[in-house]
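Take a look at the structures below.
Okay, so subunit A shows up in both of these, paired with subunit B first and subunit C after.
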Partner chain A sequence: MRALRGLRVYLLLAGAAFRAEFQYRGNLFINIIGGLFYQGVGLAFIWAVLDRFGQVGGWGLPEIAFLYGLRLTAHGLWLLPGHQLVHVDEVVIEGEYDRYLVRPVSPLVQLLTRRVRLSSLGDLAGGVVLLSIASASAPVDWTPGAVGFLLLAVLGGALVEGALQLAASALVFRMKKVSPIKFAIDMIFSDFGNYPLKIFGSAAGFGLTFVFPLAFVAYLPATVLLDREDELAVPAWLGWGAPAVGVLLMYAAYRFWERQTRHYESSGH
Partner chain B sequence: MPVIEVADLVKEFRRPKRQEGSFAGLRTLLTREQTVKRAVDGISFQVARGEMVGYLGPNGAGKSTTIKMLTGILVPTSGTVRVAGTVPWRDRARNARQIGVVFGQRSQLWWDLPLRDSLWLTGRLYDVPTARFEEKRRQFTKVLDLGSFLDTPVRQLSLGQRMRGDLAAAMLYDPSILYLDEPTVGLDVVAKERIRAFVGELNRESGTTVVLTTHDLDDVEELCDRIVLIDHGKVAYDGAVAELKTRYAPHRELVVQTDALESVEGAEVVRREEGKVWLRFDPARTPPAALVASVLARHEVTDLSIVEPELESVIHRIYADRG
Partner chain C sequence: MKAHLACARMEFRVALTYRTSYLSSFVMMLLQIYLLTVVWSAFYDGRDEVDGVSLSTMTAYATLSTLQYTLVSPWRSSPIDQRVREGKVAVDLLRPIGFPGQMLAGQLGWASAAVPVLLVALPFALLIGAGQAPASTAAAVAYPLALIGALLVNQLLGLLLGMVSFWTLEVSGALMAYRFVAQFFSGALVPLWFMPGPVRAAAEWLPFQATAYTPAALYLGQVEGYGMAAALAVQGAWIVALGALAAFVWSRARHRVMSQGG
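Right after this comes the complex of A and B.
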């Protein structure tokens, strides 16, 4: 019942944000193309590297494209509902959060639905297209189980990225300004997330698995799907468990957010 | 049975202490020293169901901070708040359904959407049944005269229109308690009057409990029987408006239109102008009837009236006295 009401309220508010966006009509395609273009540049860079060296850490073009597509789809899937966290600093400092707290709806849901930003559709669309093409050419035996795991892995990846961004955002109630931290997290995801982790060495690999759980977004699930478990420094079941890690991290991050909300100070007027 | 119970309420804001001298900015960032601002410093009061209370005090006294704790926006540093059986910051959602909140300085409406949509969304968020919603919207559209701008995006509304929209949204779901933080700030006389009339009617018809902060004491004179006056985060006065006047401004003035009046026993001439004389007296010592009788007995009087002190000047005196 509560979950149902939550979903209904989310759709209600997201719909309102969507209508508000269309008061300034017609930005939809510009936004989507903007998002696509940005991701296209990143992909072109990897393409150039592969073209030059043929392989990166033993991964060829189909495998890298698969990894890239998986991460990009997860990223887009998180961004679509989660991008408004980018504005958490101003929402808290200027006291906009006040009004979220006096309504019988989760304040986080109200924050996430304060606006829509349609360029995240570009990220998601780019990811889905790339992942579909790469899945066809990558050496994966697409049993129903494998397809199911891929879908779960995308969801899990979105949850891992979302959990880190949410936890960082929660610090705003005490620190007042967290955008540099969130920006840094975003950079780490986009700079390291698209490559096989092992090329960065074992120390970085350990750090990016257990300290900053980047590996769970795409690298670990992609590795087990591509049947390359041998190159992992961690047991393969961690790869299969990546979606569960996403759920756990998001749960923890949400609890952390709820607790930190108590430190909200509003603004002086 | 009080519906709002506040006991020993304290709210402190902490800021890293600003460092002076070289590398001040960096040292401010790294320091663990803090300055503490006690915005609310041990406030206690209770509000009964159906009461309308003016929560007054000079700028920075701690009024808005108190309201934010009553509504569940801020968590108290210490002390307790109970509103109709809930602890606002802990049972936020439950509390939200029983309160309406209007902040004059800040709108709660959806900025980019027509006012109509904000009302509709509010109805949905608070699970107001459709028939009830339609009825309320029709009623508020009439009483608050929203008709001409229901379809205007909120960002294009004038301040007075926006405030009326905010008030309608705050009362759509029939909350039993209404908090108003400077609801008339920046409004013209007509808009102020309309808002006061609306709030007064809510209280009479539905028994809505109202807590009102304002710097316009006409709001209070018109709506509130009781005042809680705070200063530097502490309660300076809590009681009836009339009682406040007798305590801080015990004198009345008798204004007489007359030809020549030198002096009267039991009163003091404080002003003369265009054939009028102002006589100040203490009604506790000189009964008004006796004073009027003695003036009439000795002088040719064409007009006469007794003037009550205005709340404005009373509060002014109190602020001035605190030094």
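Right after this comes the complex of A and C.
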């Protein structure tokens, strides 16, 4: 019952934020284009070099495009509801968080719905288009089960990225300024996530799986779908279980956030 | 000149005030160097040479171009759009020195705040990526010239772009799109010699290659002999052309200045 009410309030507030943002349509369009270019430059790099080199770590352009599309769709899916965490520093430092505490809605929900960045739609649309095109040319046997797993994997990937960003945001209550940490996390997801993990070698590969769970966003699910389990240093069931890892990490991150909020000190407004 | 120096010093201090973003740019630069080094090694896949370019030259190119890029193309390409939006442009126009000169000097000061970061980062960058001595004496002489040329071409492009905000106030989305097109065609990620034919042809006709590819390629000896003089001449031609264009655009823009709430 409480969760249901929370969801209803969230949708109500998010809807209001959407309507506010739609007032500036020209700017919205340009920002979406800007977001697409930001994600596109990485793809342009891989495309240009693969045109000459043919493969990287045994993955050709169709496979890499599939991995890229999966990663980007998950990123867009997380960014659409989660973008406002970018502003957590100013919300806490400037005392906006005080206002959240006196309203009868979860502060996290209020933070997430303070505005929406519709440019995230650009990331999501770009990811979906790329993933659709790449899915057609990648060597995957598209049984209903495989399609279902792909959808779960996108959702799981969004949860993994979201969990890390939420956990890093939670540190704001002690550290006051966490945006540099979050930029670095975002960069690792956006730049390192587009390559088959095995090119980083076994030590970095272990780190990017079990310390910084990048592998669960796209590489592990893509590897099992592409039937390339042989190159994995971890058992294949970990790949099939990637969506569950996303759920677990998000749950842990949420609990962490809740605990850290107790350390909030008002800036005295 | 003294007044311009003051503008530069002011913006240098502003950039240094934001220490955490400063620190994170340092970490991200090293991550980028690490990523590019690993990725190029994977592309080479055990081969020593591809198209006459050795892997060590390629990783040195990636290291050098990433370091250069931090200095030459900081994420803020011009202070103009912000000053127009906040109405500060009115104060700038009252100062007894030309507006474009002030903005150029300010931006150069702002960009030079990267120098201390680069000095600290250099040993780490060489450790993570790869370093090489200049390919020849000629390369050692030409490199600083090309680097200054790269800086000027990029400053003029930033100035031109910033002046667009006299016509349209909100330019952040367009600036972002521009930034990534410029980054790709500058050769900072893929050197021109590995670009597919038509892309390379486009890159050669655009000014962006003068901002990253030219100095790095000269330094590593990938452009030699007459090619060096030609590359420097192309840079010079872009500086003249963009400078003239900026002067023309400014002569139009100054009549459009509208001060908001300043």
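Operating definition for what follows: the second predicted complex is superposed on the first by the 264 of 269 C-alpha atoms of A that agree within 3 Å, B and C clash if a C-alpha of one lies under 4 Å from a C-alpha of the other, contacts with A are read in each partner's own complex, and residues count from 1 in each chain.
The working rule: a contact is a pair of C-beta atoms (placed from the backbone, for glycine too) under 8 Å apart; a residue touches a chain by one contact, two chains touch by 3 or more.
Every value quoted in this text rests on a predicted model; they were computed, and no experiment measured them.
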{"item": "Touched partner set for A:V102, first subunit B, second subunit C, both or neither", "value": "first"}
{"item": "Contacts of A:V41 with subunit B and subunit C, given as first, second, both or neither", "value": "second"}
{"item": "Which partner, subunit B or subunit C, touches more subunit A residues", "value": "C"}
{"item": "Touched partner set for A:F200, first subunit B, second subunit C, both or neither", "value": "second"}
{"item": "Touched partner set for A:L152, first subunit B, second subunit C, both or neither", "value": "neither"}
{"item": "First, second, both or neither for A:I93, with subunit B first and subunit C second", "value": "neither"}
{"item": "Contacts of A:D191 with subunit B and subunit C, given as first, second, both or neither", "value": "second"}
{"item": "Which superposed partner A:R262 touches (first subunit B, second subunit C, both, neither)", "value": "first"}
{"item": "Residue ranges of subunit A in contact with subunit B within the complex", "value": "9, 12-13, 16, 19-21, 23, 95, 98-99, 101-105, 262-266, 269"}
{"item": "Contact footprint of subunit C on subunit A as seen in their complex", "value": "27, 30-38, 40-41, 44-45, 48-49, 51-53, 55-57, 119, 177, 179-181, 183-184, 187-188, 191-192, 195, 199-201, 204"}
{"item": "Contact footprint of subunit A on subunit B as seen in their complex", "value": "13, 64, 68, 71-75, 89, 92-94, 96-97, 99, 101, 103, 105-106, 108, 110-113, 117, 121, 124-126, 153"}
{"item": "Subunit A-touching residues of subunit C, taken from the complex the two chains share", "value": "20-21, 23-24, 27-28, 31-32, 35, 38-39, 41-45, 50-51, 170, 172-177, 179-181, 183-184, 189-190, 194-196, 199"}
